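Order as written gives the chain letters A, B, C and D; numbering starts at 1 within each chain.
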Amino acid sequence: TNIQKRKADHISINLNHDVESSLKNGLEAFHFRHNALPDINFKDVDCTTEIFGRKLEIPLLISSMTGGTEQARQINRSLAGAAQRYHLAMGVGSQRVGIEQPELMDTFKVREIAPDILLFANLGAIQLNYTYSIEHCRAAVDTLEADVLILHLNALQEALMDDGNTDFKGLLGKIEQVCKQLPVPVVVKEVGWGISAEIAKRLVEVGVRGIDVAGAGGTSWSEVEKHRSPTEIGRQTAAAFKGWGLPTAQALQEVHTALPETMLIASGGIRDGVEGAKCLALGADLVGMARTFLQAVSESEGALDERIAIFERQLRVCMFAVGAENLAELTHDKLAV
Amino acid sequence: TNIQKRKADHISINLNHDVESSLKNGLEAFHFRHNALPDINFKDVDCTTEIFGRKLEIPLLISSMTGGTEQARQINRSLAGAAQRYHLAMGVGSQRVGIEQPELMDTFKVREIAPDILLFANLGAIQLNYTYSIEHCRAAVDTLEADVLILHLNALQEALMDDGNTDFKGLLGKIEQVCKQLPVPVVVKEVGWGISAEIAKRLVEVGVRGIDVAGAGGTSWSEVEKHRSPTEIGRQTAAAFKGWGLPTAQALQEVHTALPETMLIASGGIRDGVEGAKCLALGADLVGMARTFLQAVSESEGALDERIAIFERQLRVCMFAVGAENLAELTHDKLAV
Amino acid sequence: TNIQKRKADHISINLNHDVESSLKNGLEAFHFRHNALPDINFKDVDCTTEIFGRKLEIPLLISSMTGGTEQARQINRSLAGAAQRYHLAMGVGSQRVGIEQPELMDTFKVREIAPDILLFANLGAIQLNYTYSIEHCRAAVDTLEADVLILHLNALQEALMDDGNTDFKGLLGKIEQVCKQLPVPVVVKEVGWGISAEIAKRLVEVGVRGIDVAGAGGTSWSEVEKHRSPTEIGRQTAAAFKGWGLPTAQALQEVHTALPETMLIASGGIRDGVEGAKCLALGADLVGMARTFLQAVSESEGALDERIAIFERQLRVCMFAVGAENLAELTHDKLAV
Amino acid sequence: TNIQKRKADHISINLNHDVESSLKNGLEAFHFRHNALPDINFKDVDCTTEIFGRKLEIPLLISSMTGGTEQARQINRSLAGAAQRYHLAMGVGSQRVGIEQPELMDTFKVREIAPDILLFANLGAIQLNYTYSIEHCRAAVDTLEADVLILHLNALQEALMDDGNTDFKGLLGKIEQVCKQLPVPVVVKEVGWGISAEIAKRLVEVGVRGIDVAGAGGTSWSEVEKHRSPTEIGRQTAAAFKGWGLPTAQALQEVHTALPETMLIASGGIRDGVEGAKCLALGADLVGMARTFLQAVSESEGALDERIAIFERQLRVCMFAVGAENLAELTHDKLAV
């Protein structure tokens, strides 16, 4: 089907083309202050956390990516296996294809493989303006046995598609309804252009329980759509947005300042555990990466495990070298300006 | 004739050589704040405007370029056709050649092809110091059935030509006379080095109704004259001005701050609809591009239409992604610093 | 043995690979103000100093590097010969190998060759958390007839090694004991990531008599460990720290501001006598270089002498050109911002 | 002789090697504000000036360069011919060789060829500490029929030579004596590292009548000496000073601020008439160039004339384009920050 074709394209374009934003993620402006004499035994460094009632060994999220095709099923299962082994969080890709073609919902299901992980269901918020209701949201969560529903905002991406769903009028009210009626918490994320403090505040006011800033500096969905567009007009329109969006570090800072109590996920172009640590010091509770893990899993499950192990070790060493024995100590003042 | 030869040179040098300023247009310093949740239906995005009594579908001007030769006639007719189809504004090149050789005035006439567009006549202001009077201005406007007369200021270009008209003494008074006596509004523009707030204020005080800042960052006329100059002294003199002028964004900001009520055109190195949107947010009423359209029209009329369609789509998507449903909402606060 | 193998690796990796930090040492931000009319006879320029009771002709330290192998013995003897000829200070590498294999302690001994130099013994502070006591420190100093004991802090390096000694808990108290009981002064240094003002203050409070900031911008020990690591996880973990640490100039400034009376050594990526002079103007009493001298000595003793002579001459010319007749006049106000 | 050999080396090294400073001259930070409507007839632009009683058509100085060899005589004569034709100022190179070998003084004499120009004699100030007295200064001026004596300060250069004259102690007093006793004004210049405000003030207090800042950003004499040095120590010592000195724009600004009434010459890496105009706007009365003219004259007298004509035309066009009809109007406020 069409949606299946699109999902397959997303995977192959992300694997075979340079779709990086021309912006940096903004973390390069921050440097940790080295602590030459940490009063810590390295093996006591503890990066466990608890989010929405689930224990995580590492504050790391394999971000929402895929589902709907046979290849996607394999990817989801591999990602879930690793998430379970390392006690991470994981999100699946948009479940719309599974709602519209129920026989495909199966490609998202990973609870069997990963009974203990913090698991995020995923739908495009915009579908709420196109016939979707609380029932669809409930279905997305239930079939997955997910802990949380992520609604993603991708207005710019929809506008860059020939047949995008672009009527965003009044969407906030619909999100409010979902937050009120859904038994699990709702998190809202962008897809790579960032959520500003203004928008985050409006979302939290209507009941959203967590924000994934999903800022600029990593995967650029205008670049992905540029590769998908069949027309010169489509391609050149998309090309003008290669440097669009709020860089991850900036979005993170402004949202954390405006909403210090809200659960925050930092994603968008995070490359390694040191950058992850910067996000945590800037106020994130969880760090998400998408394309990095897609690349690893496309190689092998071993490569995926290795990638996670590298992130974990970088994070631990970094915490040690700034004198933070646990995440509560990984605070803003560990950074220089 | 000499002027005809010069006009032909301008076209061919602009098409075949790199004549870009070494300055940037200054817009790269501005970034729009992404709005992840625009409360807008994309198809309601409205970028119509009304300028000098004419309705435009897009606040886009095909800037003053040519006339006087057979090739120029074809270019003007193609540009006008597109302007009519897309409901844009358009300017013709300097009509001096048509005044001095009346049989050539015909190469500028496009009203038949474009009955509805906002059409700008064009003369070098400096000619008012060299025998031209209100009569010539009237003739330029009337034969064109133009809505507005543009007088361009190109002192530096004239000084870089071997036989330039370089007596600019007292010119402001002559411009005042034209403004007083001409039945249509007068707009003054530069040709790529920018109009400062001081100069703009003096012009508006004597009756000028609009300013096209025509700043630095795009086509550099010192570079064009460098290619035209027959002597080493001429070429090296011109070369020293490759980085000369007020960048478009800077000129725009200072003129808009000084003259918030004056009709403003932003031109000079604008590349796409996102940059156009930045100009509009910085106070411009209309965005002009010259060389970009010359390149397109030299390829084909299809390429020209495509170029306009791309600009329009980029502008609309950009407005959507910052949450501006119409031009009145595309304000300065949509930009970050 | 294992430690011997490690020491040999350090030498060969430092000589054969690019192990530079991706940070600059920070001195590039400082420029001396040229004095066109120094009121000085160049031959009166005097860069002698007295540190811990020893006279130095040049405030230059051949930093702690090696020992434990036959090659290391040769290097130490060559370095000591040059230090004696030029009246410099010198440190030996970590003497742990000599304590654990007493027959190897001999490879560190240079007092016979260099009877007059300021000589620094060297141990990793971390060993105090792993069975070492004041007795080992005393032994390190005594067998060398050293004037001072340097304890180096290398927490990040240990954490990047597979079998590193990474229990840094409570180490400050151990350092305090050594300072109290050792008859010679104790200096603490980093190994290339810098000591911050906070840490320096804590160290001085417990009795440390001098600080070698050993900042970032030169030899990067994460890069060295990257080359040594047998696993991909180890290599990629290390790679994330290539830009880690406090640049030398920054560490120097903040420690000097916090502790204006404390003996300060500047090291980490110093390249020449002009950079050395900048460190002295920023508050250092002594300037250390390691890898530069390793490269020279690996060529020949003549190359080593030449390297020192070049540093000395650059320093003298620099002092002359800023109008400083002696080190006391080489003050902060000779620098521009 | 030795000095003759040195002078020949200076010429050939300057012509055949890259001896540019690694610093920029600082003028790149300044931009003129374009004036789109100058109230000027271009042919009325007047860049004449009067300095030390001589009329100049252009405020341009062919800076002190050479003498003492047959080749130098030819160069001096060619330069003087051009200076006379264009009504410029000119300086000869250091006349020491002519004082020590009187038969060579002739190679400096150009008054016959250039009866009307402002002519600067030249001696190294340092010679006053090595047997030279007012008599030698008088001789240098008289044999040349010069209007002014330039004393150049080159402490750093002397310190980089194996046999340099490096006793600068007490030199200011000697300069004072010359100023008091010499019938013509004394100007002091550097040779490419700049004169700071402090030094300039001291010089003016003892009677110096003009300052040529001769700042960094152009010919670097440490680079020239690097090429001349026979030893590795000499070469590497020199190499450390490639980025040394006060950039021309900075020296100019601080000296002009401190001494607004003093005659100022800007030199050091000036490339064209637009940069020359920036210097004039920053407070210079005269703009000097050396190596540029050496390169031109080494080609042909025609090339030299062309170079001057280009500078003049660039300066005139620049003045026109900022709306300055004469040098008095070429003020600081024509520049943007």
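Quick notes on this one:
Here, a contact is a pair of C-beta atoms (placed from the backbone, for glycine too) under 8 Å apart; a residue touches a chain by one contact, two chains touch by 3 or more.
Owing to the predicted nature of the structure, the values given are computational and were not obtained by experimental measurement.
Chain centres were defined as the mean of their Cα atoms; on that basis the chain farthest from chain A turns out to be D. With each centre defined as the average position of its C-alpha atoms, the distance from chain B to chain C rounds to 63 Å. The geometric centre of chain A is 45 Å away from that of chain C, both derived from CA atoms. Viewed as a contact network, the protein chains form a single closed ring in which every chain touches exactly two others.
Residues of chain A touching chain C in their complex: 31-44, 272-274, 306, 309-310, 313-314, 316-318, 320-321. Interface of chain A with chain B (complex): residues 125, 153, 155-156, 158-160, 164, 166-172, 190, 193-196, 199, 202-203, 216, 232-233, 236-237, 240-241, 243-246.
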